[in-house]
Every structure is written in C-alpha cells, then in structure tokens.
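Below is one structure, written out as structure tokens; the observations come after it.
We just call them A, B and C in the order they show up, numbering each chain from 1.
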C-alpha cells in the first residue's frame, strides 16, 4: 500500500431492531391508523426499505389530541413540577443508555454520518432532556411571572434533518413546562421518534403525555389546525411556516416557528486561517448541508480570496463521502430523492446563471441519494443560489471589501437565522455581531448548539426561541 | 494571512533583518485554540481498521526514533536499545526496524557502533539539551562533538527564553550556527512547545526554525509537560504544509514525548495524512520520539496477525 | 386660533397625499376639527420613514433612548392642558378625569423610559454551554412596527402601544383611533418638539380598517399590533396578510390601560440574538 487508505469501518447495524411495521403512538400505546395508508421509510444511502409506517389521518390526529388533552387535565397538568422533572431525567438517562442504538437508527433513516449522529445529535438529545428536566420544578424562576402556566396541548411538527434532536428541542421544554404533546416527525425520518415512543414506555411516562403521529404534510396540517391544540411549534421550511402562520390566524393558538436561512459566513483577512477553513467546511458540509443555519453564503474579503479558495478546495479534497454507517464518513447521503432533485435543480440554475461550479473528485455510491460537496464561485447577490435556501452541500462564494459591505451583503436577505464571523480582532467581532440581523452569531466558530443557548431567527427565519430559558418561555402562557 | 503568496524570494527576504523577521512572524495568521483542538479531536475519531491498521502499525514502527535520554544511561543500556531497534520483535522478523536511536552526545559512539550496517540512524540531542541554557560556543561544540562521534541527526533545542522575550533574531542566528556546525547531519529543531504555551507561538517558532534551515521541527524534549500533543502537531503540520506550498521544500515533523499507545500513534498518522498529506507518511518526513510506544505497536501488530490479545511479558523491555 | 390637524410622517406634518380629511366630533357629536384621512400611500411613506430612521434609532445607546423617552414626558407635561382638553372632548370625560388620564400617560412614558437600559439585563442571558465558548444572548429591536392603536383610549392607550415598541429601538407607524385622533396628533407635535428623531414615530390618523391591510401586507414591516381592530374576522384577515413575511403579530385582546403593563408588549418586539465565541489563548 503506497497510500494510507482507510479500510471500511462500519458501525454495526445489529444493535438496532427495526420492526417491519409501526403503528401510531397514541395514549401510551402503539395503535393502527384508522384512516390513513401506510407508507415506507427508506434508507437514503441504499434505497432499502427500512419499515412501513402508519399515516395518521384527521381521525387519528383527533384521537391523539384528545389523549393529550386528557393527560394534560388529569395527570400531567396537576402533577408537581418535581415529579415531572423525574420523568424527564429518566428519559434523559434512557437516551444515554440507548445512545448507540439511536445513533445507528438515525444514520440509517436519515443518511447522516454515524460520526455526527453519535458525537453530536444523540448527546445533544440527552443534554436537552437533562437541561429541561431541571426546569420543571423551577418554572416560577423562568421570568414569566410568579405562577407560570402551560398552554395545554402542544402540536409539534419537526423536520427530517435532525430528527431526534428536533424532537428533543420540542418535547423537552414542552413537558418541563407542563404541556402534553402530539408530535409529528417528518415522513422520511420517523424511526427515532418511534424509538422515543418506546423510551416513553420504558420511562413509565403516563399515557397521553407524549403522542407520536407519523405522516406527511396532510397529517401535520391536521395537527396544526386541530381546535384542541393550544400551542403550535414548527421547524421546517419558510413556505410551510407561512402557511401555518396563516392557518392559526384568528385562533387562540400560540406559535413558534423555526424556519429557513441563508447564513453569511464572513471571512476577514486577519482570520485564523486554518480554523476558518474548518469553520467554512463545518458550516456548509455538516449534515450534508441539511441545516437551516448552514453557512451557505461564504463572504470573503477580497484581499484573501485566492488564498481562502485554494485552502478550501484543498480541504474539500479530504472530505470522505459515502456510507453513513462508516465511522470515517464526513458526508453522508442526501435525505430523499425529492431533496436531491431540489439540490440538483438549484445547482443547475447556479451554473446557468454563470457561476463557476467545482467539486473535488469523489466517487459516489451507485445506489441511494448522493451529492458531492460543491462550491460555486463568481456568485453575486443577484444569483438565486445566493438567495434561496438550497439545503444541501452547496456553498456560494461572494466577496466584500470593507466590514460595512460585508454587513450589507449579509443582511440583504429575507432570512435572519444565523451568521458567522472570522477575524482575530475582538472589537470587530463585537461590531459585526451588533450589526448582523440574525438570531445566532458564531464568531470564530460555526454550527455549535447547546441546550442552554437560545436558537431562532429574525425576519422570515421565524419567531420564538428554542433552547435556554427563552425556549422554556415559549411553552408558558404569558 | 500572508504566507502562501510570498514565494521563495520574498521568504529569503524576510530573514534579511531582525525587524523584517519579526514583522513576518507576527504577521502569520493566528491559531484559534478551540478550533485547532476541535479539529485534532475530530481527526482522532477516525477509525482505522484491518488492512489500514496493519499498514499504519508498521509505518509507525518505522518512524520511531527510539529514545533514551536519562542521567542513568550507560553503554549497556544503549546496546540493549540498539538491539531492540534492529529487531523490535524477536518472535517476528517481519516487524520493521525503527528509524533511529536517539541518545545523548556522549553515547553516540556506542550507538553508532551497535547499529553499524543496520541502516538505522543515530540521533543525538545537543545544544545543552534540554534547557539550552549555555553559551552559543558550548552549544556549537556540543553539536560538533555529536557529529564527530557519528550522529546522523542532531536534535537541537531553541532558546525559549529568547523566543518568549521576542528576540527572534537571536533564536534564528543560533539555529543557523548549529545548522552550520551540524554539517551534513539532519537538523531537528526542538521547539519545546510545552514552554511556548500558545499555538500562535508554536506556529511562529515552526516558521522561524524552517527559515533558519531546520530539516525537521520537533515538538519537545520530553522533559517538559505537556510534551507532544495532537493539536500542537497539527499546527506544526500546517506550518510544514504551508512552507512547502511557499518554497517547494519538504520539512519533517517529529512529535516527541507522551505518545505511548498504538491508538495514539495512529491518530497522529491520520493527522499527518489529512493535514500535510500522504507525502509526509514517510520516516524521512515524520518521526515519533518515543520509547514505550514501540512495544504497544508490536502488541497491536501481534493481535492483528494472530487474533489473540498478547501480554506484555512476550515483548522485550529495554 | 384653531389648529390644522395633519399627519406626522418622517418628522414632518404633511396632509394626506390623498387630499382627504374627515370630520372629528366630540363624544357628544359636536364638530371638533377636520383630520387628515391617511391613505395607502401615506402608510407606504410612513413605512419608508420608519425604516430609514431604524438604523440610527436602534444604534443609539439604551441610555440615550431612555432619555429621549423621558423628554417626551417632559414636553407632554408642558402641553398638559391641551392634552386634557382633547382627551376630555374625545373620550367624553370630565376635565378632571381627563387630567388624570394625561397624568397617567405621562407616567407611562416615564415608566417605559426607564426600561431602555434594563431590558438587556432582564431579558438577556449568559448561557453556560458545555464547552469552551463564551455564549450570551441579547435582545434587539425587531425593526419597523405597525401599531393599530386602540379605538377607545385615545392617549393612554396610544402611549401604551407606542412606547414599548420604540424604547427598545424599534420605529413605529401608528394608526390612531379613528374617532378620537386629536390627542394622537398632539402627541406627534410633542415628538417633533422633543428629541425624538424624525421617522421613529409616525402617526397616521384615519381608519385602521382602511390602512391596516396595507401595513399588514407590507413586506418591510416586521411586526404589527392589531390592538385597534375591533372585528375579529378583520383581525384574522390582517393576521393572515401579516404571515406573508412572518410578521410578529400581536392579536387584539381585552386591555386595561390603567393596569400595570408588565413586559409583554416590550418583549413582543424584541429579537433575541445569541453570540458564541471560543475561549482560548
């Protein structure tokens, strides 16, 4: 062997036990759907069918909301915060105990590299439950008055990019605050949510406190529009978020929306260059770029443009694309055929509009949904690839000359979720952080998440925050 | 962020005066500690299995500078070490030899004698190792003694006091003087990163050593804690990579001290592979300064070959 | 001498570009004045003025904004009599009750003025993340806020919906009570003669039902308070229109303007920004 070729290092699948079919989790039991057709969930890395999952129709959603209402009124609402906390701590522990299994399941169903599901997603899931568990008996210190009250039943709809982490972001604060929930996972990634349902059973969580209804947009719509829902929480596209905001208009429902983004990752000439390159790579290629806060617009100061590009391309050449279960994979599979088609379409538009497309040489597997890490140069603000969320491993590179110009370009978008700043100058970081209209600003780092740290956007990136005390506030009536 | 476009000519230019040298070193891009350590940690999660592991274990053995640098060293100790260097695993002749044996100057002759014809180099520390606290004249003589005794490699230490007080010209001049005194021997420049403390300093010292004529940059003496760490080595690998980009020259890297397990050694090789690139996966350009590492590599090698976990009693202690 | 009541946009007092005015009567139906009836284009101009003023206003120190709000209270005090007369006429209150309302309105400005440099401490946070990062969250103004002011409480209500928006750095386009616009116009005159930069508060007199939909659907308005919309179906329509750019919407609700206002209107128009930075040497 002349080169150091890493042999395959697959994580064992034996740890997960996927059933051939799953029902809905309503009132503490897995039950058959009454009015929906079953659908299949596939592994995006191989197109192998993993399981058949029930589609919840309006009648099923109604059943779930009623179960949640009953649990809210009879059990969870009246329960002391101290006792609610114990359930949440127990859930956190169960997640830790089953973390490897959950990581494998997540990578199988979602296509993300096991390194990320193992080292990022699942540890953060446990951390979220741990964090919010501690809040359950301290709500009077949450900053919303002496006697904070839950809304009641929370209807929650989550996306496919971080299936279990988004579940944790939704369910942990909701339960801590005393709400009960009906959650709909994304149709392409239902398996970890169903595993979570089993965890609820193992934790002896009272029936109806957590209900999981699987299905697609129709199911989500039925949930969000259900009269018995008091609080709606959604993470997903701005398009659907807008529809939800319209559908709850004139109701009593409280809403939080965590929607799309087109984050600027801004590199100044005095940036710590090697960490900056890592930050650019992590910013756009983490989770195949299926990240609402991805640093998809790279803004580079013109004086270092050539150097940054050369280093970035060299680094992209070492990215390992392939089997999500291989422990050495950096970039896994695109989550679905539909998403792949969207990424391809927008990339084609990028080329058609005159931007220059580049990807390192990399062999893509024959089956499954794959897209190589891609960078577009010669992009201007007018290009669609600089304005629309691609939600894939595609980076658009633009340049700027002064900090003011960087801010103008960064803010020149209807979104406002996140932004990155790379410079060794402290005062410039604070000035930039001040000027950027985005809910999360990462300076000399990118794509960091923590249960104590509020996350959410400005403008069309949605409203409300998840994480921290502020994330708890979203689940308390005030 | 000025180094890449500089080219050879301008790099020669930066050493033309102390002022220019200072401005160049202070103008190097900063290193963010958290980001550098996070990158090293991620590289450390690579999983090297089966064929790749076999390759890595043998490569790591072949990169070892088998080291003893103790006050209690004797010719007997050196002879035993040299025997181990030549035949690391008496039970398995396919086990590769190490790259070099590393000793104090007074024991170079012994080592040279023992290793004659083996192809294994003798490396000698020099320049008032490990503190470097002597006059330049003594350091030069120390180096000359080692080379005269047959040292193939000279591992010098930099004047950390001078470096930390910003006297970069002094450090530079000392390295060039030792470079000259070392003659044809390979010059490894020990930065003693544990005393430089910051990664910014590690990057500056790396460049300073390379500009002054180092063939290798080496992390540590092994007498200061922390000795070699993965992120420090990462920063040094970035420096040799960038220097190569600017000059076309290949400078080697040697982490020394604290690397004791095969698992750790493989993490270093992964970091070499994905930072400086495959060119550096060669004993000519990457070495481990170590002693107990060798037995762990041999044990892992045996495990891979036989499928059984071996015990330490089956490997020689020297 | 009788005064001409005009709109207040960008620090100036234009008549409606539509040239329309409408009769304002007192609580007993007696003619008081002709007020400008703001149009779609006046709303558009007001949003432009508010957006233009946003960067500067939001960029001021909290201490300075607090002082500017306090100055509004001071200047109002000087016009106490005029406000009292207008509130009395508009709301049909005795002059002594009207005086009390004006007192309360002035107090409300003072109360909100004090919030300017406390919000970040009460609403912000330092976040103890599990890693070597300094991580903090700070509140920031949402941007341009459209306020459809209450129809009943012509001064106290109006104050209570404008002050919480501007104190944190938002700029406001307010549509006054339709039938009781006079105190709003006088408040505009107070703004003009105090230290409030032009465009920070813009006051339109006229119909919230007519102008509201243009503000609700305006893509450069970031938030809307539907307080002054009485008909629930109309409020629903406006909320639907506001969703086009994901405006932060405050739905109409029972309000008691004399009660402690709490923080809910303050926080309604705040965005939380979380900043991360590594801690290292």
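We adopt the following convention: a residue touches a chain if its C-beta (ideal position, glycine included) is under 8 Å from a C-beta of that chain, and two chains touch if they have at least 3 such contacts.
Computed from a prediction, not measured in an experiment: that's the story for all the values here.
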item	value
Comparison of A-B and A-C (more C-beta pairs in contact)	A-C
Centre-most chain [mean C-alpha coordinates]	A
Euclidean distance of C-alpha centroids - chain B vs chain C, Å	68
Chain A and chain C, separation of their C-alpha mean positions in angstrom	36
Rounded Å distance between chain A and chain B, as computed from the means of their C-alpha atoms	43
Per-residue multi-chain contacts in chain C, two or more chains	131, 133, 278
Junction residues of chain A, two or more chains touched	444-445
Contacts with 2+ other chains: residues of chain B	32, 34-35
Chain A to chain C touching residues, read off their complex	127, 143, 238, 241-242, 245-246, 249-250, 257, 259, 414, 416, 429, 433, 436, 438-445, 448, 450, 452-456, 458-463, 465, 468-470, 478
Residue ranges of chain B in contact with chain C within the complex	32-35, 37, 197-198
For the chain A and chain B complex, residues of the former touching the latter	1, 3-9, 115, 119, 269-275, 278-279, 304, 306-307, 310-311, 318, 327-328, 424, 444-445
Chain B - residues contacting chain A, complex	1, 4-5, 29-32, 34-36, 38-39, 42, 45-53, 55-56, 59, 235, 238, 269-270, 273-274, 278, 281
In the complex, chain C residues that touch chain B	131-133, 278-281
